[in-house]
């Protein structure tokens, strides 16, 4: 029989994403709603090792539902990868009377949480927070929807100047291993081509596509490229390649970078964060552990952390077809 | 055996919503992709009656994926409710060689389309475009996600001034029959209470909730109210009622109104519009008729128009609980 | 010879406006830069009466330059209008060792500050913070530029739906006594007519203008109306009047209300706030008192508070002509 | 005595900027208001050489006041630098009956216009359109205010993630020869240091400043760098230098690039564009030529094109001090 949970610790770890604050708020308020205590742990697992804790009540999280970043800060901790580090972290939790954890982050965050759970039999629930949407077991990670809106807003601006000058732009977006941002924001922004890690389009096809685009009378072209696209060239090499092969094109490059991680979360991400926080805390209270809370078919569900870590998300291949048709 | 489709007409009807232009673009380009012609019909069914048509090629829809409103205009047509009106409309379609229709709009649009189909055996496909998200058979209607973001952005602004003055605001949002906008935007904006048509919260509970909010030390309160909420008072009467019963509150009212229908569509709505447009046209080409294309569990599916019209969407009651917990 | 200033109090009072936080930050950091202390006074003059003070160092104002509202809160204080109230306030200042004040707000704020100065010979500097831009001695008040952007953004959204339906919208914006917002945002949003308190356009001319607009083939019309316009009808009465006289028009009304006070300040307002805060503190350190810092011809200048209160700002009549020409 | 102007040509040239469409709209409608014709010339001087013209009436410019980019397109024309090119252009103008020009752009645009005027005695008026604000004779160029807002919005997003991770970001903004964007957006975004072309801050001082920032307990730091800053290193070399000298810092780089040129213009830029367009056309009608219309002390004034080209704009050195104080 699981011991009763009386005090929950919450932390954010890894790359931050919009909606993390809304998730923290949800965890804190769900604890208060159920009359249990909540402790904020600063700077992820590193702060756990250092005992960098703060009591949080419902008023500690006023007016953060709409703020980007994370008020608990995030960090990567190499010390937590050592048994000594985790031992120290455990001691701090015990000393503070914390008897369960909600960890908000991505794969690395969940791996740490699962290991911690297995070593100390400590209840842990994960909330998927990353803009890349590359977590198995949830259709949407926190921050992904916001990042898509940020990217299309920026490409809309680039389109203004591209159209005025009949120019070709290569826009690099985040996604080392996953093309979700590139594929969806590319369709949303009306990109002529989209290069993603999951698919090797081939350089020949890119050239053909650009030639066709020119021939069809388009006044400008945008190619959206995920950081980790399969084509084997970085965005600047790609520019050189295209200019060498299609001299009629004057290519401009824009690397969007970290701005994609920030900004006020979209309504979708705020609601998702609120729902996931409730489910994470209430699952702990029901005695569950080592699950990730996520969204599937618009419903909040649990996935074992182990599966969430090992599973692989797939892009929706229908979208590749839609992208093709849209660039007619 | 269905006759071959060679020319598709597309129109927008009823209240406009963000993403309608992206859907028009998708219909036009999917036609071009399959080498069939596409005709834009202006001002919905009224323009059909008047033969207000325009040929559209892939370049006709350049740079509209990110524009609010509808380039084809929308209108309500009382003439189309008469057999004579529909007869005229049919003659214009035949004369123009149009042999299938994609109609973008809500319940009324679909009812008109279905009637037209039954009278003239004319292939019709519907795309759900309305910010209210009150169409059966799709988890999301075009424009709904954008409207949610518009509403939370505005309430964030109102919250700034509410917090500075420790004030209570009543914010009325769209939704005569459906509380989707109020419920989701209310959670997203951190509303203390949310009043919706599906649920009679009761005036007593509203007063209690506001008193509890004050006692808990909140610096400001926002109550989000759907136009058609069940509580039986309009937003100004509600203000009077609360001020009479809770004299410590100085209530301000904000009616958001039509701004909720406009604005550049979110990435989600642009991608959804692109997907639905492809499916609508390709379903017609496969000989299907009288369906609505929609989204279920993140997949594009067909629902018979008849069901889409008669079916009733339900709010997700989990969200009522989440809202309650969030206002702790 | 003026006594040396060692501790400055800062408060915000009256209606809040975007940029107030940036001004607080500037006052706090300018004090730190000159090695003097700074005390934040909560809720304007009311907090001064109650001794609701907080020490502020440069890190107290981290990450607020871009936040709407005011972290010091604002309030209107009837008690401060009594000699007893001001006496109490003075005692609290003396007790806390505060020897000068920076007050951020509008006319009422400055009137209070000037009275306080005359009664207790207490150094006071004013910073103009109001979205209405109705303060004499400065071309721009804090928040005005942000409010203009908020208003045009919203009207752009309304225009989307107005164009789709060929509709006429009446949009009411803030400005009981001053037409600055209506006039500038009206031009910026492409309004057909603009009604302001400074000018009685006449109902006849409004009807003529709307008829001309219809005749000229415009697909939609927006009329921007300041709260305090001279035409002697509120926006709903005006709707009835126009619909009675021009039955071809179906008028929609949108009252923008308090959202105009909120939101992240524009770059202009942030820079202005930073400049005014520096000048306010440094002027106090130079022994000056009872001035308002403001902007004239892009330079920061001082205006005696007495003049700032009594003087009247004028709209730029060139803009009335520009508006006329733009609605051709 | 000047000949009567009956038909005005308008073009945009050089780098595009937000507000150019609003200026085109203003030129077109001012012409209509005065019952003279207006011809849009596509792709700047190149389109003039090719006779790529289009008649424009007041309805041609509906709904563009809020659109980024330029509907007339822009281009750089090497052919216009040859006497033959200008001869061709002149022939096209004469043939089309155009008897005066409004050219919207920057220094290069004005140089071309002035040369054309001197060779053919052809009336020309210039409107300053560039985001860099580096034109003598006007306090603000079209697009500058919008670009500032775009930059602070993006840096706000970067700040979210920087704060979450206690990171240092170098953000490169536009400005090869002018530090206006860097200086104002840097203050607006709360940058710790700002590097501009007009001032050699020195690498030593940058290191000191960053060390001081760390010591003062700041949770993150942003350094804003103009493309053409004097420090003699590009932003990536600067990153390497700082990391070599301050190993405690993990520097991230963000190059904002062309997005700064796009986007819906701010209210300020829309109003400015409207005012400048009116003045440009009406000055031509008064028989004036070879002036730039601009803003000085909030008033629209004329500056001889020759001065506008030769004059040098200065940054406001007060802002350097304000920036210093703000980073306390």
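Order of writing sets the labels: A, B, C and D. Residues in every chain begin at 1.
In this text, a contact is a pair of C-beta atoms (placed from the backbone, for glycine too) under 8 Å apart; a residue touches a chain by one contact, two chains touch by 3 or more.
On a predicted model such as this, the values are computed, not experimentally measured, just so you know.
> Give the fewest steps needed to get from subunit B to subunit D, where each step moves from one chain to a chain it touches.
2
> So, comparing C-alpha centroids, which chain is the farthest one from subunit A?
C
> For subunit A and subunit C, what's the span in angstrom between their mean Cα positions?
That pair's centroid distance is 39 Å.
> With centres defined as the mean C-alpha position, give me the subunit B-subunit C separation in Å.
Each chain's C-alpha centroid was found; their separation is 36 Å.
> Centroid of subunit A to centroid of subunit B, CA atoms only: how many Å?
Centre-to-centre distance between subunit A and subunit B: 28 Å.
> Would you give the residues of subunit C that are in contact with at least 2 other chains, written as numbers and ranges?
Counting only residues that touch two or more other chains, subunit C contributes 156, 159, 163, 219.
> Using the touch definition up top, name the residues of subunit D that touch subunit C in the complex.
By the definition above, subunit D touches subunit C via 25-26, 29-30, 32-33, 58-59, 62-63, 65-66, 139, 145, 148-149, 151-153, 156, 159, 163, 184-185, 187-190, 216-219, 264, 266-268, 270-271, 274-275, 278, 296-298, 300, 316, 318-319, 321-322, 324-326, 328.
> Any idea which subunit D residues touch subunit A in the complex?
Subunit D reaches subunit A through residues 12, 15-16, 18, 20, 67-70, 73-75, 150, 154, 156-166, 169, 219, 252-255, 257-263.
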